[in-house]
């Protein structure tokens, strides 16, 4: 296969960290333009996509990259959410600190769970995390004077500065958090940690022979995914305005897992696809499809559920590597085709490569010095 | 002649309102109705009112509760078939939230921001509706007649929110007062759902029943209710409880009564209205006696487990053939919601939906021709206590009080009462033991209600 | 003392219910190395079919047999149509497919039969046995549950231990390439494994429904606890499933009875963590050599 060569200015920086920052900046620009063109309700849903992308990306690191199956991310979403709730009830502190505390608390809870959990393999870990997701949220009913029970704790969204629509402001916060998390995770995965995560997933014995501390690596991956889930939960309840029981049912954990697999396990871009599916598939697209059949009300409501289940299955059968995997496959095919047909023009493109790339290197390298606070 | 019939159609509103309606309808008919009245409000035109709700139509909370919204729609269809309210036809858009507050959040925003509803009417659940209370109030969208007995619907911060059924604490106080009076000195035990509902009923019971009389307090969590509550019923039996109060949802009532029967434990059961409707609970008990090869007669015998249980009621008993509301309810369902009628008939859930819908129609009429969201809220505060609904006692609405009915009667499920017949079988009916009573969710005393029960407006009674 | 025995008996009855579902999970895990999260929903569907047949007035036992037969068919169908395409893909793909199937089947049942709660007939009386003059929390039907589960576990254990079919099924699941070389028709054995598991599931549905509230979602929580039971027992051990079921049922009962019903799931979680700390692959799992 002939490789397509792009001119230097159009090529991505070699440094992964710079590449991720570039993606993050482009993403920020894209989402800024997108959210400005959307209605308030669509902005709300865009914010939800961002929130679920964080949880799915965290799970992707744990499951896709490190090979540990968790069916209980909903429990950590609840931890982050209730942390924000308690902080808003008891004192008013800056939102940034609130979010950081939520991340820290869920990471701490994640650590407590990780110590026993990471000793377990495959389905055993799945069983334990499933029970965790069932049990944990209902402490809120049991200790309702502290956690607020059914009425819950108020988690009002932050005030927007100036005349910005409050919904849009919240969506921006959620998107910004998602981009920051994804850039950080991207950097993490291309670092030493990422390599040891994968090594442990592929073969624990080989990894430990190669000097990787297996148990510690698994705990780190678990804590990272719990922290992501906690941030996701905290941002989620800023949208709803209240955190209460019932917001974190088992189905939430399952949706997050499904989003991760359907988007493309182990890929961070896949987290966005997965989040889009989690937000739009069960409530919007399935409903619209079901409505198209004009069924009576009982069948109609169930029809949406049927469509959702069927789509989960069909996507999994058609795109075993998820949406991102499917897109990559398509991309490769398109590139191959275009390479053959546009061979002539590519030669001239390649000729321009050398001088441009030198010019290009200067900027990003100087940026590296400023941002490489590892 | 026409005028007379119109007046009957809107018998719930005052005379001037009737005249105004006729005028509105005439103007609408002439094609210049669109400009009549005040500035346009979201969700209403001169010919329509767009309202919505989020209810569980699928998932674990759907059984029973998925009947309520379709039953409400029967009333709206009747209203629409008879000219609407001030010429406006009601378009009821209820969607599924599967009792998950996150879904409720999304679906409610969709209803308000995309479907442009005028009001959210008859949405179900405490955690689900608590999750959208701030949003709806910020958007100034009335959140009317929330289907939950939480005390939280009365909150000065949220003037657009209003409850409908009696608060669970009121249920508890009235049942507690009855137990204190009629079972003095007997040992009492509780089995309550460990959430807002169960805790509030217990709070009300504890206000009336002396603490020394309560020998055992058992709980369960509805989210993890998978099988019979054998453990809890054994504990109540071991504590020697002679009166057992169940603050349970219908499924949990069945899962409590079944193991009690298994171990031969027969206390006096007192069941909160939420989980005591015989046509809802009865079929769940049929498993007990219909052994291999069981038949329908065995199934109805099993309902005997409910016989003698005491409960509370704020709506007329479904078996009360002499009650004009019951007759109207049945006719409305038959004609305007035939699929609901043929599947469920008039049971506690469909009766609830019909009564709630009558209340909303009353509120619309009280708000007058120039309908606005604020006008609707004001009308409920001003004349809510006088709304004509099937309730045994009046609604409690004022500008400060936003919970629903002020109290209920104490009734007994009795095999000697006329049975409640639905498409799913024949179930024991209810007879009134005492009441109706009224009280507040706070410290106020439980008092007998002196007023009379209402009767349906004539037009409704004759044309349903 | 009577309270203790009643709580214990209630726990045993509930535990055997979990065991009945856990057995199906173990069977599928052993036969195809997949956790079938639709196990409960498939049992729900066959139980609804039995309910409809029963409603036609054919009597309890014919309906019982119909449910088991439907399980045999359904299990094979699911494996052929849905699981086979993902069998050699990443293991999570099969998990998502079974979740999708769970959601799909619950929706179907809701559309066909409605979402109402119902009672479901039991094979035998549910009145407690009378010892002396007191009824205990154990009925004829509970005895039936225990016997049915024990018969099932003996059959499953015998299948894998004493029959060449069982041996081939294990080989097909864990070393498909080697098995194929040895002339084992791997794909059909995997289908057969799912069929057997679905029959076990259908039986479980018929055992669970009378003790619970029968609706399209009635197996959801049972499945979670059954999965807990299977994990405690060791996912590839039929005997472990029964012991795991009993441990889970008793733990829930004792926590509910002595600490409060709302703490049951937390109690189950703590117990699961404790067991897995001592035996990370369950109580009865065979030690597996780690591949290097």
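We call the chains A, B and C, going by the order they appear; numbering starts again at 1 in every chain.
Going forward, a contact is a pair of C-beta atoms (placed from the backbone, for glycine too) under 8 Å apart; a residue touches a chain by one contact, two chains touch by 3 or more.
Just so you know, these numbers come straight off a predicted model, no measurement behind them.
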{"item": "Neighbouring chains shared between chain A and chain C, ordered by label", "value": "B"}
{"item": "Farthest chain relative to chain A (centres taken as mean CA coordinates)", "value": "B"}
{"item": "Selected interface, A-B versus B-C, where C-beta contact pairs are more numerous", "value": "B-C"}
{"item": "Length of the line joining the C-alpha centres of chain A and chain C, rounded to whole Å", "value": "34"}
{"item": "For chain A paired with chain B, centre-to-centre distance based on mean C-alpha positions, whole Å", "value": "41"}
{"item": "Sequence positions of chain C contacting 2 or more other chains", "value": "106-107, 110, 114-115, 220-221, 260, 262, 265"}
{"item": "Touching two or more other chains - residues of chain A", "value": "134-135, 138, 141-142, 298, 301-302, 304-305"}
{"item": "For chain B, residues contacting two or more additional chains", "value": "57-58, 62, 66, 194, 221, 224"}
{"item": "Contact footprint of chain A on chain B as seen in their complex", "value": "57-58, 62, 66, 69-70, 95-96, 99-103, 105-107, 109-110, 113-114, 125-128, 130-135, 150, 152, 194-197, 199, 221, 223-224, 339"}
{"item": "Touching residues (chain side chain C, partner chain A) in the complex", "value": "29, 35, 82, 85-86, 89-93, 95-97, 99-108, 110-111, 114-115, 220-221, 224, 227-228, 230-231, 235, 260, 262-263, 265-266, 268-269, 272-273, 276-277, 280-282, 290-292"}
{"item": "Footprint of chain B on chain A - complex, ascending", "value": "39-41, 44-45, 48, 134-135, 137-138, 141-142, 144, 149-152, 154, 156, 236, 239-242, 244-247, 249, 251-252, 283, 287, 296-298, 301-302, 304-305"}
{"item": "Residues of chain A touching chain C in the complex", "value": "63, 69, 116, 119-124, 126-128, 130-132, 134-136, 138-139, 141-142, 203-206, 250, 254, 257-258, 261-262, 265, 295, 298-299, 301-313, 316-317, 320"}
{"item": "Contacting residues of chain B [partner chain C, same complex]", "value": "57-60, 62-64, 66, 194, 218-221, 224-232, 234-235, 237-238, 250-251, 254-255, 258-259, 261-264, 280, 283-295, 299, 302, 343-344"}
